[in-house]
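The next part holds the structures, each set out as structure tokens.
One chain, chain A, appears in both complexes that follow, with chain B as partner in the first and chain C in the second.
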Partner chain A sequence: MSGNNLLSDQGLRLDGRRPHELRRIRCKLGVFEQPDGSAYLEQGNTKVLAAVFGPHQASQKKMNVDEVTVNCQYSMATFSTGERKNRPRGDRKSTEITMNLQKTLSAAIKTELYPRSQIDVYIEVLQADGANFAVSLNAATLALVDAGICLKEYVCACTASLSKNNTPLTDVSHLEEVSGGPTLTVAALPTSDKIAFIDTSQRFHLSQLQVVVETAQEGCRQIQKIMDEAVKKHLTEIGAAGDWSNIAK
Partner chain B sequence: MQEVEDSKTLICLPGQRICLSDESTIAGQGTYERQGYIYATVMGTVTTREKDNSRFIEVKCYGQQTIVPLTGDVVTARILQVNQRFAKCSIISIGEHILERNYRGLLRREDVRATEKDRIEMYKCFRPGDIILARILPQIELSCYQLTTAENELGVVVAVASDAGVYGAPMVPISWTDMQCPETLVKEPRKVAKIVAESTIKEEVIDK
Partner chain C sequence: MTTHVNIRLAVDRVNNSILCQGLVDNKQPRLFTPGEVVTSQHGFMKGHGCYVEEDEIKASVAGVMEQVNRLISIKPLKSRYNGEIGDVVVGRIVDVQQKRWKVDTNSKLDSALLLSSVNLPGGELRRRSAEDEQMMRKYLQEGDLISAEVQNIYDDGQLALYTRSLKYGKLSQGILVKVFPSLIKRRKTHFHNLPCGASIILGNNGFIWISPTVNSEIEGDGGFTQNLTDVIPRCDREVIARLRNCIHILAQCKMMLYDTSILYAYEESLKYDVKDLLNQECIFDVAFLTQHKLRIQEI
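Take a look at the complex of A and B:
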């Protein structure tokens, strides 16, 4: 029912990971000077930059009297994929991801705090190697944290797949995506155990769906821990650099 | 949580549970309450503030706090453009918070003062470049914030005589409707604000 040989006889995946293993995540906050918040995140070979501007006064068309408008732009660098990409943004796939990002981020932001305002989130995929939406969302979350925008909690995303012998796999790479396995993307609010967004590339059997969703959620929790560490480290660094004087404003 | 006494040690992250919330422990700035607990919304350090027998749990974010003008706030604005019906201005600070980005504001003729509304002449109340204190009005549809100066404490605070150029000295108020340049002794009409401490302005709002 799923792709061929996602898992070897030894129980290892195509890139040598174990089924429940995430790819290596490295991230950095505050990579740019101009925007209010920015972050760089790489998950395996998927590398994403995110920048956040705002909140600022919304344009008349987009203004919402009760809450903030989240404005996203998802773009893939022309050199991000194996073959040169002609349209960095505006194609169907990017538009869909943009809309999904917008909705998922709105679920995490305390939108009622910034009425009549707008937050712009710009995401650039530098290298695409699977789970583009999930990595972009994680990077956007870090950038929002860096911008000091009030969040209910982190929103983290993770993907999961299913091998031929029904073993769930966490954090799908591009190779696994294209070799036929179904991919499930979950964006979760891990602390309150809520799901903000869920999407599948193919059909899952109903009996397997629960297991795969739980695998993805477990991945989200692991990612949250890694992001927590990164934010804590960043905060300690900038706090120590300013002798904690900025903080007591 | 007892260790909150020393704000330097306890850092917290968005979505992190800080403590239980009850009648004497209240979620302050940078936090929110959910299901009986107080959670942080920004990264920063935890501080507690005691007021009227209750503790306010706050998270101080590093750098600038982003705030949005709300109805009833007293703001400082710079007049950009004046015509017969309204004055366009840019809001430069809210209360004592200086904004990083300015917001557009609109001060209509009927909101300039509380009395003799039909005899107001905008050109005799404001000039481009004046710094004013104003209050945010509730608004429904307009894309910019509507302001009012219809209180004694609100109106022009800093102004330079129109013929003095950029380097002119700020004028001194001589009455509710006039200001005078200390160097050239030129008198100009303005809607003058009576300058009081910020705390007293806020108290008056509560009385109303």
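Take a look at the complex of A and C:
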């Protein structure tokens, strides 16, 4: 199905990674002052900013008396793709991603704790280089953690693909996406081994699907570990500046 | 007209992480992150920031554990304001409704200020009539700032406020600074008349009100008077602006805010111009010296 071969004879991918290698992930929490929580995350060349406002009083129209309303907005900067493109109100693809983000985040947030409230999640892609949904979700999770919103656990997403000789590949870059490999996106709750969201761009052979899903889940677990470290480091920085006096009773 | 603009690259930014060093190793508590198992032993109860799954208590926020006997809760280092009865808050009126005002207090839901829990002009024992309900917008309208105390917390977490004390009421001239609620240290009093010539209200909800010191005896008819005609002299305004910048510095470096820390930061900042306090170097310098002073005092 795939046009080019995604894996060289030496077993390396187009950008020189090994099949199960993630791209480099760097993240930072609390990048803004104004929102309740914010995060910046880059995975390879995909760079995303996320900001969370709330929980705050929901407007009368959106209010749900039992649980919180999660409101997402995913947008891509004009300069984020190879070709400059102005999307003032987003295109169909970003509307879809917005909806998927909303559903996936609602699965992780303990929604019953915030009745009649609303949480706004704003995501801006600064540079798009594949796996935009996955990276956006990871950034949104970090921003939610920064905002002190109750989550069941981290919700992380990772993509996976399949090379011609049926080797599963973790964390697909833009080049691999357009080279014709099928892409599978999984958003998982890694600790409890649950899947919150799954999406494929093309067909997989049934015998291969299980392997690819597991590859993506393994990627999620690795990403969770990286995010956990970043969160702990951030907490230490906040706490230590005030000599932890804010937690002392 | 020429203006002086200071542009710098992101790589040249001042690294504030030195502030986090020093006492780290001996005091750092254990940190929990969402989904992490806090305890799997029986006989513990879950509090805020926890949930039970498969007989294990798990954390749902990133923060530190607090244990009161058998009750375990995880406290996030940063979150929206969780009200407690008796807290002093500063809030902004967002809506006038029948018999109540809705107040934005940085909590999860808008707080309520009932008409019956304010001091109306004309004595405490005055009955509240239908006319008062129609006059509500005259007392407080949308956009007004008030200081109040938390009287009650409803089941859904909404706060009920009251201003039936001469301490509380409408705020007139001054500056509002918003910080994260967890940065405000709980003290006996949150109203301070600082010796540098300004008054400060440290709302537990992270809203801080800085105003020129006024003789409190003049006010006295329920706190609805707003003195907008008096011109505050320039020197007072400079003091207020400097305090605002000092609070901003402390908040940016995640240091606790209370009368002593603000005063120390104010003293350290005196060698700079007010406007220079927005520079990263000055922010770091003032924060570092303040932290040093606070630590010396502790030991």
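Note that the second predicted complex is superposed on the first by the 244 of 249 C-alpha atoms of A that agree within 3 Å, B and C clash if a C-alpha of one lies under 4 Å from a C-alpha of the other, contacts with A are read in each partner's own complex, and residues count from 1 in each chain.
Criterion: contacts are C-beta pairs under 8 Å (C-beta built on N, C-alpha and C of every residue); 3 or more make two chains touch, one makes a residue touch a chain.
Only a predicted model underlies this, so the values are computations on that prediction, with no experimental measurement involved.
When the two complexes are overlaid on chain A, chain B and chain C occupy overlapping space and clash. In the overlay built on the shared chain, the residue A:228 is in contact with chain B and with chain C.
In the superposition on chain A, contact of A:241 is made with chain C only, not with chain B. Once the two complexes are laid over each other on the shared chain, residue contacts for A:33 go to chain C alone; chain B is not touched. Contacts of A:206 after superposition on the shared chain: neither chain B nor chain C is touched. Judged by the touch definition given at the top, the superposed model places A:63 against chain B, while chain C stays out of reach. Of 167-175, 185-193 or 221-229, the chain C stretch that intrudes into chain B once chain A is superposed is 221-229 (criterion: clashing C-alpha atoms). Across the superposed pair, chain B and chain C both touch chain A at residues 36, 54-57, 110, 114-117, 145, 147-154, 189, 191-192, 228, 231-232, 235-236, 238-239, 242, 244, 246-247, 249.
Against chain B, the residues of chain A that register as touching in their complex are 36, 54-60, 63, 65, 110, 113-117, 145, 147-154, 189, 191-192, 228, 231-232, 234-236, 238-239, 242, 244, 246-249.
Contact residues of chain C toward chain A in the complex are 16-17, 19-24, 27-29, 31, 33-35, 49, 51, 53, 58, 60-64, 66, 75-80, 108-110, 156, 182-183, 185, 252-256, 291, 294-295, 298. Chain contact summary for the complex, chain B toward chain A: residues 7-8, 11, 13-17, 30, 32, 34, 39, 41-45, 47, 60-66, 68, 70, 101, 103-104, 140, 143-145. Within the complex formed with chain C, the chain A residues making contact are 30, 33, 36-37, 54-57, 110, 114-117, 145-154, 189, 191-192, 228, 231-232, 235-247, 249.
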